[in-house]
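Structure incoming, see below.
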Amino acid sequence: MTTDILKIADKTFKSRLFTGTGKFSSANNMREAIIASESELVTVALKRVDLENESDDMLVHLSDNQINLLPNTSGVRTAKEAVFAAELAREALQTNWVKLEIHPDPKYLLPDPIETLKAAEELVKLGFVVMPYIHADPVLCKRLEDVGVQCVMPLGAPIGSNKGIKTLEFLEIIIEQSNVPVIVDAGIGAPSHAAFAMELGADAVLINTAIAVSQNPVDMGIAFKMAVEAGRMAYNAKLAPIKNQAEASSPLTAFLNDLN
Amino acid sequence: MTTDILKIADKTFKSRLFTGTGKFSSANNMREAIIASESELVTVALKRVDLENESDDMLVHLSDNQINLLPNTSGVRTAKEAVFAAELAREALQTNWVKLEIHPDPKYLLPDPIETLKAAEELVKLGFVVMPYIHADPVLCKRLEDVGVQCVMPLGAPIGSNKGIKTLEFLEIIIEQSNVPVIVDAGIGAPSHAAFAMELGADAVLINTAIAVSQNPVDMGIAFKMAVEAGRMAYNAKLAPIKNQAEASSPLTAFLNDLN
Amino acid sequence: MTTDILKIADKTFKSRLFTGTGKFSSANNMREAIIASESELVTVALKRVDLENESDDMLVHLSDNQINLLPNTSGVRTAKEAVFAAELAREALQTNWVKLEIHPDPKYLLPDPIETLKAAEELVKLGFVVMPYIHADPVLCKRLEDVGVQCVMPLGAPIGSNKGIKTLEFLEIIIEQSNVPVIVDAGIGAPSHAAFAMELGADAVLINTAIAVSQNPVDMGIAFKMAVEAGRMAYNAKLAPIKNQAEASSPLTAFLNDLN
Amino acid sequence: MTTDILKIADKTFKSRLFTGTGKFSSANNMREAIIASESELVTVALKRVDLENESDDMLVHLSDNQINLLPNTSGVRTAKEAVFAAELAREALQTNWVKLEIHPDPKYLLPDPIETLKAAEELVKLGFVVMPYIHADPVLCKRLEDVGVQCVMPLGAPIGSNKGIKTLEFLEIIIEQSNVPVIVDAGIGAPSHAAFAMELGADAVLINTAIAVSQNPVDMGIAFKMAVEAGRMAYNAKLAPIKNQAEASSPLTAFLNDLN
């Protein structure tokens, strides 16, 4: 298993659990849960970064633990806004990685496929490592790959819903066809969901709400860490096939002869 | 978490993963996978025990690792046969624990509720610790509890099917109503299924086929171990609620003002 | 299709939709919905029958429409009570048909397998046509068949839940193995659920709550009638197989040549 | 129910079942099944139309039965090709209606969101009534609505898979947000699936494979017709709510007093 390393662009990851920083009840809870989860890539909304203050506590602390920060463009509604936000983030956080999120609808926060492809194309040209959050749309995934994104991040269910992997039939096609890592983002609400995504062959998962709003975010972070490892290990070891019938049991055994 | 110990009758268990010994490609694979899984209770078919030979290698080896053997009555079709088998097992393995399995149909190996209740009642009177394998039938679970079984073992799906938790609505009722530990037995085919059962509040799971027929039983044993721990930890930390709508995001943030 | 008639004991049914009389907002609503549904077998709780009053309006009206009344034993908790109730019903309603329901738990009203088998055996001996409401337990179904019941009535989901067919894996086995008609009872909450049960090969369905508590019971009765017919017709016409891949489309066609 | 009419652009439809003409074993089977289904809108691949021969039998026959033909652009891979195909179809079939299908991938035939939006915008400007086949992507649906399509046709599952409504969570959002009719297209494999889509509030469904490859396409056409009507009627009558617990039954009734 020592070689089962995830690579995105120029970075390698031992952990296949990516996390987020929103919705925690305190910054302290957030830090502790993320560290306990052993996540190595943590997304942070640009709007939550104190752009003026170089010593933003949250960021300093996470960086000290060798956790990579991944700015996201949450809050933008168009490709143009997304590119602008990505450039601000690059300057503020000294990283050319960006999680591209464009969701015009404030109720469900679902991603816009058209603006996302347009922004991805431009950001790639501008030298960004682009990680786009998208619907589980296999054709869109291929088009994003064609313009040079470094991974795709299809959703499992509406963001924040905690409903789990509701896009199974489409994730399977995406995983089958993709030449870049597939990271299931949004909708995962329980460790069992994360394990399931990994068993399907996803390369990683991103979890935020499910850890942040748990009654015990530290333990939930650990639980997700274990579930992701379990799912990945099971994927590599190959699951037993699903059957409609029990295997014929051995003929009735000798020990019953004494009785009958 | 140090106090989250499972107790059945007079025994305590740190691990909530119970395993079986059937269908492995070799005795060696079986031993290694079980030890890797850290399971502390392993069920063994009486028909697989060499009743004449006190030094049955399989059993000696597992016992040396402080793993409890749980003889099962697999192969019997009636209460009478089950009681006879349990008594043979008690003598052979020096244990009064028995996994009660009565399945008259050789195709699906589904349990007989009538004979199981009858045998359970008698075995309890004979001093056995009875662990009955049953359909996920909440009324039957209560009746078994009434006659003194030490736990109930409802199925998640037909045995050997690897289909997962297909009896969700009934397991929830069983878990809500039970005064004895609830152990999900049969049908669990992937670590995600095991994690899900634990998230529901099951006290333990029993896995056999899914580990035994994997291409890498040792890794699969470890994967199930982690998944069970993850699911239990998540159950204790409380899962985030399922929602139909994303939480209203914060109002559009200042950083976009520069753009518009 | 003219020969696709359901036969139970000595009666034949053109309609495969059985209904119930509980939970309607008025007796009039009940009558109209049942007549609109074209159901030919309607179950009625013995406790709702006015045993003293020979001209109970509800019953008279339904009988006038050539609808068969099927007394049920709802409210009893043991085999002994069930037999007593069945005998009262036989006398009151002049029918030896009985829907056998024994559910000791007042919260979920789930059936007791042990008492049900015991009562079924005795009622068959007493000359009743016994229609037992049970868990979707394939072994119990076979045992009931062995004692002479005229059909089995496994549940689709907890009664009154409207959750649909949650016992799919077990209904499939029951339908495969049964030599008596299989009628899915309890849990069906929408016409789509009823159609699905029929597509699986169930011989009939029994619907009560879903019609009774609808805002428009008459239309809902018609909707269920159509859905049951649709599901049965699809079962006979054979459904198309489930596939993981689209059929290869024809090679690109001539008309595009003008463009490229 | 007399006013429950579906309107798209300038046409009204009594039937909410739209059908297709592909994959039937013979033209005769196709005609008979479609007529039996009472479908009033039938999609036909442009590549199947004999553009040279004005008296194409298939089309003449369907037109004689007052069935509207809906040419589709199946086989095209880009917006440019789609527009060209739509114009050919307009000329050949004398209709400005077009089902817009752009699927570059020949294996799964999944639609391209980017090209579809681009083509939709242009076709609307050219005076077409545009009915786009798309992923169940709520944001894309709104964008298509914004450019003037007359309905949206999100998929239920991969086309030809017969898997049913696998995009439930997204269809619910689409139906909630849409100002144009929502027609579930692709993936529906059984009458129960069609009924379910209608119960959710879809305005219509389009079925092709499931009728065409059935062993009895005529009966399957009738089955779908009834299921669609049942689902629509249930939607209007309002389904009973899903519950986790049975309604408390009435206290034990008088008739048991005689026994106890």
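In order of appearance the chains are A, B, C and D, and numbering begins at 1 in each one.
The rule we apply is simple: a contact is a pair of C-beta atoms (placed from the backbone, for glycine too) under 8 Å apart; a residue touches a chain by one contact, two chains touch by 3 or more.
On a predicted model such as this, the values are computed, not experimentally measured, just so you know.
Set against the C-alpha centre of chain C, every other chain centre is closer than that of A. Interface note: chain A and chain D, two copies of one sequence, contact each other through mostly matching residue numbers (shared numbers exceed half of all numbers used). The distance from the centre of chain C to the centre of chain D, with each centre set as the mean of the Cα atoms, comes to 31 Å.
Chain centres here are Cα averages; for chain B and chain D they lie 45 Å apart. Listed for chain C are residues 108, 158, 161, 163, each touching two or more other chains. Here the touching chains pair up as A-B, A-D, B-C, C-D. Chain D meets chain C in the complex at residues 1, 23, 46-47, 51, 74-76, 80-81, 84-85, 88, 106-109, 158-163, 189-193, 195-196, 199, 209-210, 212-217, 219-220, 222-227, 229-231, 233-234, 236-250, 252-256, 258-260.
Only residues 103-105, 108, 110-114, 117, 135, 137-140, 142-143, 157-158, 161, 163, 166-170, 173, 177 of chain C touch chain B when the two sit together in their complex.
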